[in-house]
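Each of the two complexes below includes subunit A, the first together with subunit B, the second together with subunit C.
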Partner chain A sequence: MIRKLRTGTFHTGMLLLSLLWLGPVIWVVVMSTRTFDDIAANGLGSLPHSFTLDTYRQAWVDGGELRALINSLLVTVPSVLLSLALAAVAAFALSRYRIPGRRTILLLMLAGNLLPPQILLIPVQKFSELTGLYDTLWALITVQVGFGLGFYTFVLHGFMRDLPGEIQEAATIDGAGPGQIFTRVMLPLTRPALAALGALSFTWIFNDLLWAITVLRTDDRMPVTPALLALQGQFVSSWSVIAAGTVIAAVPTVAVFLRFQRHFIGGLAIGAVK
Partner chain B sequence: MTDVSTIAETPGTTASTVAGAPRRRRRSNRLSPLLVAFVLVPFAVESIWVFWPALQGFWFSLTRWDGQTPPEFIGVNNYVELAGDATFRGALLNTVIWLVLFGGLSVVGGFGMALLLQKERRGVGFYRAALFTPVVFSLVVTALVWRVFYQPDGLADQILRTIGLEHLIRPWLADPQTALYAVILPALWRQIGYVMVLFLAGLKAIDPALHEAARMDGANGWQRLWYVTVPQLKGVNAVVLSVIVIDSLRSFDIVWSLTKGGPYHSSELLSTYMYSAAFQSLRLGYASAIAVVIFVLALAVILGYLVRAFREEA
Partner chain C sequence: MTDFDPGRRRFLGHLGLAGLGALGAGSLLSACASSASGPAKSGGSGAVTIQSNLSSPQAKTAIEKLVENFNKLGKGTASVNTIASETFRTQLPTYLTSANPPDLYTWYAGSVANDYASKGLLLDVSDVWQGLGEYPQSLKTLSTDAGGKQVFVPMTNYWWGFFYRKSNFAKWGVQEPKTWADFLAVCETLKSKGVPPIGIGLGDTPWVASAWFDYLNIRINGAPFHRELLAGKQRFDDPKVKAVLTRWREVLPYFDPKGKAYPFQEATTALLAGKTGMFLIGTFFADAAPKDALGDLDFFRFPIIDPAVPVAEEAPTDGFFASAKSANPAGTKELLKYFASVEAQEEYVKSSSGIVLPVHPKAKAADSPLVTKGKAMLESAAELTQFFNRDSSDALQPTADTALTKFMDKPDQIDAILREWQASAEKVFKG
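Take a look at the complex of A and B:
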């Protein structure tokens, strides 16, 4: 009896909490399908009295979300691949060979990632102007790679360090050099960690706002996160279009999360348990 | 770390241990150029985009600079000005409030949720997923979701009206009294699920036998929580603490998307003040000084984190 009551309380409470978490999201999705007139007449807080998908067309075409999504992918995909590749080779060398000063190098790289980005904003902007990269997607890609590297290296180092040494030893005896050991032996074994970091870094880079508005200026080159802020200025009080734009901006990361769910959560946990 | 870092030292068969000695000497004498490149290239990339800019940031904080003419060295004048700048002091106070409320409540909330949802039972997967959903959204998306919620006649007002509290209704984001808290709430909404996942991972790693033993000794639920669970989570706590403090000091996106620090700087954080000083007022030297203050605040935490990482490595 008491047990049943407790189970009931637990589920009621948790359902309410879940509603508190999912409610605002569902509300925005519903709102994105309402017409301008409906919202004007009934207010933002009312239940829908209309249904339209034209809001998505407006956000997608007139609001420039399509262009922005393409920009986001053009930045995110190369950034993720490049930073993971660089982090993997660094982690490999630092974890499997006696590189002089390897511990200092590793901690220095991690410390770089923990710096507050504010200290870097002005110098990075000036440096990108100096190199002619300012206001190009390349500037954003290189910044994202440079800033993320330290953390990825640290996590991959922890992972590679714990792999058994016998396989590498056997490969060495068979005459394989470090390059072959890396590509043929270590990389396949590191795949789970790479998948986790890949999913995580995809969302981090895709969701970034600060670096984008620091090294980019032209509206046409903005990725989707800053573009969403611009959309808000462009469609003032057209709340259903803004809601549609919000949904569009959220879909890619939600998709990556659903596809790589286990890796994603595992990736977050790597840092915690290590 | 040292004993697994080289294959030569890895405990293996007797043969390889014997063979290990000369190989180790050879390796320490000359590293293959490929390995040197493996370390140097990533390190150089990070140096160009992180280490060198960070050093420049400190130098700029000692200058007056509008970004057009060359920076002019003015010593510690920027810091002197900061000390007398009411907006800066407000932003510093707000950053501390942010740290305490956002940081504190997301730890309490995340830990509470992790405790409630740690046991596998029916529905738990759904609840975890629900709490975790906002973590995958960008802070700008989060901000827009909540902006709709806060709009005059939006959901927040509608709910208050339904439960008969309409006298509380106000322009949540435009009222200097509520703006900061109206921004903290969405940030918390997004962070709690993240902290929960960290704690869930930590709780999972605790040996159930410890709880069993405590139960045998007659410890009640609270005692087991306090004397078994919390001490066992020491490692996770350190990580969560660092993550929270660093995230709090970095917080920018959500404030920028909701209020830009206004109205009248009432929701200004050091990070937003630094950004507007740099890229709107074009006071690059002054903004760099604010950035150095943020750095100093973060440094304490980073050092703590590194000391821990270092101890583990050793």
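Take a look at the complex of A and C:
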């Protein structure tokens, strides 16, 4: 009886909690189907008095979301691949070989992550101009790779460090060089961590706004986050169109997360407990 | 940590590998650099780029239409680059100081433009102004920097006023007030009918309160004092400023108590639904109104307090300035001349749905009773002011937001609030 009561309370509690989490999402989805006049007349918080899907057309066509999504993917996919590849190489070297000053290197990478990005906005902008990359997607890719590298290396280092040394010794005895050890032994073993980091970094880079508006200034080069912002007017915004745009923009990250969620939970836990 | 020692030789070999990797990355980077075309580097005759903050759909369409028309004239080519207005506001200094800046920018007239001009960032457009003889002197003064040259070309402006629904005023049996006493009477009537008389929206948009401060100040102390105050030549703890807040305090009980919680867009909704009586706001609020309510809207000017003070109105002016580093100054000026012309402004007003007035004296505004009334009000005004932030700076605006929000919460602490305001304003002016 008491146990039944307990499970009952637990389930109701969890149900309410998940509703609390889902509430804003549902609200945005409902808002995206309302007309401008409905929101203007009844306010943002009221129950819907109208239903339309035209908001999605407006966000997609008039808001230029297609172009923005393509830009986002053009930036995100290379950034994720490049930063994970570089971080994996760095983590391999730092964790498996006695490189002089490896602790310092690692701490330096971690320290870089503790810097608030805001104080680097102007240096990064000026530097991107100096290198001639300003207002190109390359600039954004470079910045994203640079800023992600430290953290990814740190996580992968922690993971690779705990892989048994005997595997590597066995591979060496079998005649494998560092390159082969890395590609044939280490990378396959690191897959869960790579998948988890891949999903995480995809979300971070895809959702980034700050760097995009720092190094870009042309509207048709903007990724999806500034493009969403551009749906806002100077004083008055069509919230239903913005909501529709947000729903569209959320699709790629949700897809990546669903695809990788198994690794995501597993990957982060591995290496946490010895 | 694995104790795996690869030996010195292998380690060196590995370093070599890493070096190769670095080289590869380096050449990749330089490849990026050389392939970076950047924004079309406009030579003497290249396209003029306009960096625009007109991101609302109608305004965006309107400016694109203008550029299309300009390109047909054969006086040069131009392209528009629309950036979210919030992004634009924060990035404008970056755009202007970058090595290869866009040529033309949408922005505000007045001291904000002068700030950039004093840093040498703006193109001298005095020769454009030589062709603008029909423009009133006030606009020319507004577009002139401290050094005496014109740096700005205005295109449109709009007005502020107390907006209300005609049907509601008729239902409540009240008339537009002309004087402060009338105004208080209207407030009293509405309150007795259970309607909060004065709507306001300060959540997220605290700057809306500055309209009250601006208007009370120009009605009580006059526009010249107001400008000097905002330029740091007068003090906020002056008894004259205290008189402004004391007057404001008289009507504080009539404000919508919910107004502090929601932004002005929702205050608009409340006004249209008859939940508030009237609303001191700029014409841009009409963009947040459903189309069927527009015909029912009317406004009256901020009531006269002291008949001896020349009547001034807030008329924020929007337009363009150009970068001093523009690669194509001749083309930029051609485009500015076009934007200043009657046909461009009439076209803009027609395409953009917002209630805006063309600044060219001969350009026809939209044909609606509301717009005609607004235009007449501005024309009859002895002086025009811009708005708090435009007459001072974006840095001073937050000090006003803090002080005025606090005042509306604790109206009995006027002296302390003004002292604090003066202190934070001094910090801004020392900059």
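Just so it is clear, the second predicted complex is superposed on the first by the 239 of 274 C-alpha atoms of A that agree within 3 Å, B and C clash if a C-alpha of one lies under 4 Å from a C-alpha of the other, contacts with A are read in each partner's own complex, and residues count from 1 in each chain.
Going forward, a residue touches a chain if its C-beta (ideal position, glycine included) is under 8 Å from a C-beta of that chain, and two chains touch if they have at least 3 such contacts.
Fair warning: this is a prediction, and the values are worked out from it, not measured in the lab.
Bringing the complexes onto one copy of subunit A puts subunit B in a clash with subunit C. Judged by the touch definition given at the top, the superposed model places A:Pro178 against both subunit B and subunit C.
Partner contacting the larger number of subunit A residues, of subunit B and subunit C: B. By the touch criterion stated above, A:Leu94 is placed in contact with subunit B alone, subunit C being left untouched.
In the superposed pair of complexes, A:Thr142 makes contact with subunit B and with subunit C alike.
When both complexes are overlaid on chain A, the residue A:Ala250 reaches subunit B alone and has no touch with subunit C.
Looking at the shared chain after the overlay, A:Leu120 reaches subunit B, while subunit C stays out of its contact range. After overlaying the two complexes on the shared chain, residue contacts for A:Ser238 are found with subunit C alone; subunit B is out of touch. Touch criterion met: A:Tyr134 reaches subunit C, while subunit B stays clear of it.
Applying the stated contact rule after C-alpha superposition, one finds that A:Met1 touches neither subunit B nor subunit C. Contacts of A:Leu229 after superposition: both subunit B and subunit C are touched.
Applying the stated touch rule to the two superposed structures, the overlap between the subunit B and subunit C interfaces on subunit A comprises residues 43-44, 86, 89, 93, 95-99, 122, 142, 161, 165, 168-169, 177-179, 214, 226, 229, 232.
For subunit A in complex with subunit C, the residues that touch the partner chain are 36-37, 40-44, 58, 62, 86, 89, 93, 95-99, 122, 125, 129, 131-136, 138-139, 142, 161, 163, 165, 168-169, 177-179, 213-214, 217-219, 226, 229-238.
Taken together, the subunit B residues at the contact with subunit A in this complex read 1, 4-7, 10, 12, 16, 24, 27-28, 31-32, 34-35, 38-39, 41-43, 45-46, 48-54, 56-58, 60, 67, 113, 116-117, 123, 126-127, 130-134, 136-141, 144-149, 151, 153-155, 157-158, 189, 193-194, 197-202, 205, 235-236, 239-240, 242-243, 246, 249-250, 252-253, 256-257, 270-271, 274-275, 278-279, 284, 287-288, 290-292, 294-295, 298, 302, 305-306, 309-310, 313.
Considering their complex, residues 1-6, 10-11, 13-14, 17-18, 21, 25, 29, 32-33, 35-39, 51, 53-57, 59, 81-87, 90-91, 94-95, 98-100, 102, 265-266, 268-269, 272-273, 282, 284-285, 287-293 of subunit C touch subunit A.
Subunit A makes touch with subunit B in their complex at residues 10-11, 14, 17-18, 21-22, 24-25, 27-28, 31, 43-46, 86-87, 89-90, 92-99, 102-103, 105-124, 126-127, 142-143, 145-147, 149-150, 153-154, 161-162, 165-166, 168-169, 172, 177-179, 182, 203, 206-210, 214, 225-226, 228-229, 232, 239, 242-243, 245-246, 249-250, 253-254, 256-257, 264-265, 268-269, 271-273.
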